[in-house]
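One structure coming up, written as structure tokens, with questions to follow.
A, B, C, D, E and F label the chains in the order they appear, each numbered from 1.
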Amino acid sequence: MDKKLSHINKEGNAEMVDVSGKETTERMAVATGKVLFPPEIFQQLSASNFLSKKGSITQTAVIAGIQAVKKTSDLIPLCHPLRLSKIDINISSAENRLEIECTVKCNERTGVEMEALTGVSVAALTIYDMVKALSRDIEISEIRLRKKTGGKSDYEN
Amino acid sequence: MDKKLSHINKEGNAEMVDVSGKETTERMAVATGKVLFPPEIFQQLSASNFLSKKGSITQTAVIAGIQAVKKTSDLIPLCHPLRLSKIDINISSAENRLEIECTVKCNERTGVEMEALTGVSVAALTIYDMVKALSRDIEISEIRLRKKTGGKSDYEN
Amino acid sequence: MDKKLSHINKEGNAEMVDVSGKETTERMAVATGKVLFPPEIFQQLSASNFLSKKGSITQTAVIAGIQAVKKTSDLIPLCHPLRLSKIDINISSAENRLEIECTVKCNERTGVEMEALTGVSVAALTIYDMVKALSRDIEISEIRLRKKTGGKSDYEN
Amino acid sequence: MDKKLSHINKEGNAEMVDVSGKETTERMAVATGKVLFPPEIFQQLSASNFLSKKGSITQTAVIAGIQAVKKTSDLIPLCHPLRLSKIDINISSAENRLEIECTVKCNERTGVEMEALTGVSVAALTIYDMVKALSRDIEISEIRLRKKTGGKSDYEN
Amino acid sequence: MDKKLSHINKEGNAEMVDVSGKETTERMAVATGKVLFPPEIFQQLSASNFLSKKGSITQTAVIAGIQAVKKTSDLIPLCHPLRLSKIDINISSAENRLEIECTVKCNERTGVEMEALTGVSVAALTIYDMVKALSRDIEISEIRLRKKTGGKSDYEN
Amino acid sequence: MDKKLSHINKEGNAEMVDVSGKETTERMAVATGKVLFPPEIFQQLSASNFLSKKGSITQTAVIAGIQAVKKTSDLIPLCHPLRLSKIDINISSAENRLEIECTVKCNERTGVEMEALTGVSVAALTIYDMVKALSRDIEISEIRLRKKTGGKSDYEN
């Protein structure tokens, strides 16, 4: 296998890798994740229109997620600070869970996978925070990269 | 059911709830989460001593997680800013995964569940960031509260 | 007049004044402010339910304001970092304007006037940002302290 | 009317709009605002050379405002993070008030109106903070955009 | 020798140590540092009243230092977030150098040495930044703790 | 002498200077600094493998320094916010001291000297924090620019 860990330099120390030789291109990433609720809690939330446009829970989570995307390089030590051209977070409901999808775009020398994953994570934590008074059996799960374009190779899953 | 969502006020707007009437007590929370790897990636990481004391990956993740715990009220809109008396993050390996445990303590009027969950989430994202050059099939999963003491009621799972 | 500027020390330099001798008490402050729109813009916004519970504009502004309250000591150089026990922001409509009210509470050695004023200011800026595509003739105005309790002297206006 | 609110997507959720298709140009914005004092307070401040180069009050406000301009995308949820090429804040006195003017420039795909307005707002809050020991009847008012160049259309008022 | 490194736990990982068993007392720390200039640069700066109350250089450095003190727990990974009751930074001139002294007080379970040292460091960096157009032979030096009271043992040097 | 202080405008106020007319080029800066220990402390630290890859002290300092580089424009009031393409911090031991070297690269209209100096300063403060339980006679010293390329003129020392 010829892939190497990107953030470990030859002395074994962490470093923020040099991207100055990489090309500036339009890059995009999509990440997703889930917040799982006990059925009775999910029912109570749904009944109160959890997901409707009125819904403070999802709207607060969307805004928190967007703001967190912009903090990615402050949260993840070896991420590059980037200008971002678009951030979009959608939250939808499925059986006993909320599903979060975060799309980020930039025109930079490195990609925005970590930005998209951070947006999903903080949106999920915000949902948890707003619902935790109802139950302690909530779980944040399956945070994954779904799509990535504009770098050396594209990816979709 | 008589439990109520804590962050939605009577007009349906978000608010940071009033904790001024609550008692200042020593409060503690423990949260856990997992980062799941494809078997061949996990093997490669283990072989390079992923988890050893030398390991930059886990040490970077521990530090990023500790720093994120301190940013919780900046990340989660309705969390109260708190002084924290202890933050400890441990990362251990199991079959094809890393397991993260974050313990937070404070002496305040409200608990530190979100702080512990945020520490786990950002430690997991940092591990992801440091390994993502090897694979795009990594997943952050099962972020949960494990223990909580010092508030109205204790919890352990 | 025997009142003195609090942040200028005897050499004329700025300093964060010593509050260690002041009593820890429950302190509260309320501030208000307005965002003024051209009539046709206000009408368009009202028609689209600007202020209803569905309204993303006001909900985004409420959340941005709450988060800004927590950043007050980072924004205003000589403000003390404080733990806050409550933050509440309400936005209501009147003739061709939105009115913002921010209430902040703490249990500290110094008051939260600047926190309340900062919450109003950033909520107003957020409303401006979300509406600026419609008009450049929007104005943020009359940001004032309305009430203050818990310090040396109370105030209400 | 064919203008549309820029930050509300088709499902009614907030999003940070896509600017990746916009042209990178030199963009500039100027905003202004006022801090109004009771006459006797203004006289006392003037007598102590409020505005002179010695004046800690205005110098502290200028620096706080400059730093706030750089935090705009952290404060206003749907603002894009931008590199800025110039920030200048001037404070001058008029009858019973201080007038603040903030100029911001960038070379980006979106404009800096919110940056200029944020600089004015935080400079005004800082003045308020440094003077509030003298009076509670201070008001921050008339925060407006004055000029804007480099985007789809220019503006001057 | 029986003193132990405080931030290395038994597995060799970093942790933010538990101070919940320590007593809340008034704690104070004083740190100092120097910025050294080539003689001709120092002369030029002195002639332009570098240190006078008019001096933007020192006033900007004082404000930057005060703001940095409040960011200490965000900068130094294992520092506890604290409320601070006083921050004071003084800058004076001596032969070919500026001397910075930073005093910090709190009423907490742990001391403020790192806060005082951080205030000195960032004030020094700000002086450097404002003078670097004149010379690249400027040096920041002798950053030290001078005094510390209120913990297990006092210190003065 | 025809060099001028860059951050003082014609009215004597601080401003973030206009770099919009400068060319975007690849810029690099290297800064260094030292942390000096009493001999017995240095010996104790060396014996416990202070600098080895296991060493939490140096690894924590490297990560804290990298994160601080990214906060430079938030810490130093008149620094421009920049995207950075590389950050690397190395820590090595010499007689009774640790030596820190920080290299930063960007592709921007202004240089990264302050970023490199900030990285050294915060890495040094972090080392201090992790060792301060052993001694109060530690000193941070000789923080200097070593190299700079890509601007109007290069520099090496």
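The rule we apply is simple: a contact is a pair of C-beta atoms (placed from the backbone, for glycine too) under 8 Å apart; a residue touches a chain by one contact, two chains touch by 3 or more.
Keep in mind that this is a model prediction, so the values were computed, not measured.
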| item | value |
| --- | --- |
| Magnitude of the superposing rotation for chain B and chain C (Cα, nearest 5°) | 120 |
| Selected pair, greater C-beta contact count between A-C and A-F | A-F |
| Chain pair among C-D, A-D or C-E whose interface repeats that of E-F, sharing over half of the contact pairs by residue number | C-D |
| Mean-CA-position distance for chain E and chain B (Å) | 31 |
| Euclidean distance of C-alpha centroids - chain A vs chain B, Å | 15 |
| Gap in Å, rounded to a whole number, between the CA centres of chain E and chain A | 37 |
| Multi-chain contact sites of chain D, meaning residues that touch two or more partners | 12-14, 53-54, 56, 59-60, 63-64, 67, 71, 74, 77-78, 82-83 |
| Touching pairs among all chains present in the structure | A-B, A-C, A-D, A-F, B-C, B-E, B-F, C-D, C-E, D-E, D-F, E-F |
| Chain A residues within the chain D interface of the complex | 26, 53, 58-59, 62-63, 66-67, 70-71, 82-90, 105-107 |
| Chain A contact footprint on chain D (complex, rising order) | 9, 11-20, 73-74, 77-78, 80-83, 108-109 |
| Residue ranges of chain B in contact with chain A within the complex | 1, 3-8, 12-14, 33, 40, 44, 48, 54, 56-57, 60, 63-64, 67-68, 71, 74-79, 113-114, 117-118, 121-122, 124-126, 128-145, 148, 155, 157 |
| Of chain D, residues touching chain E in the complex | 52-54, 56, 59-60, 63-64, 67 |
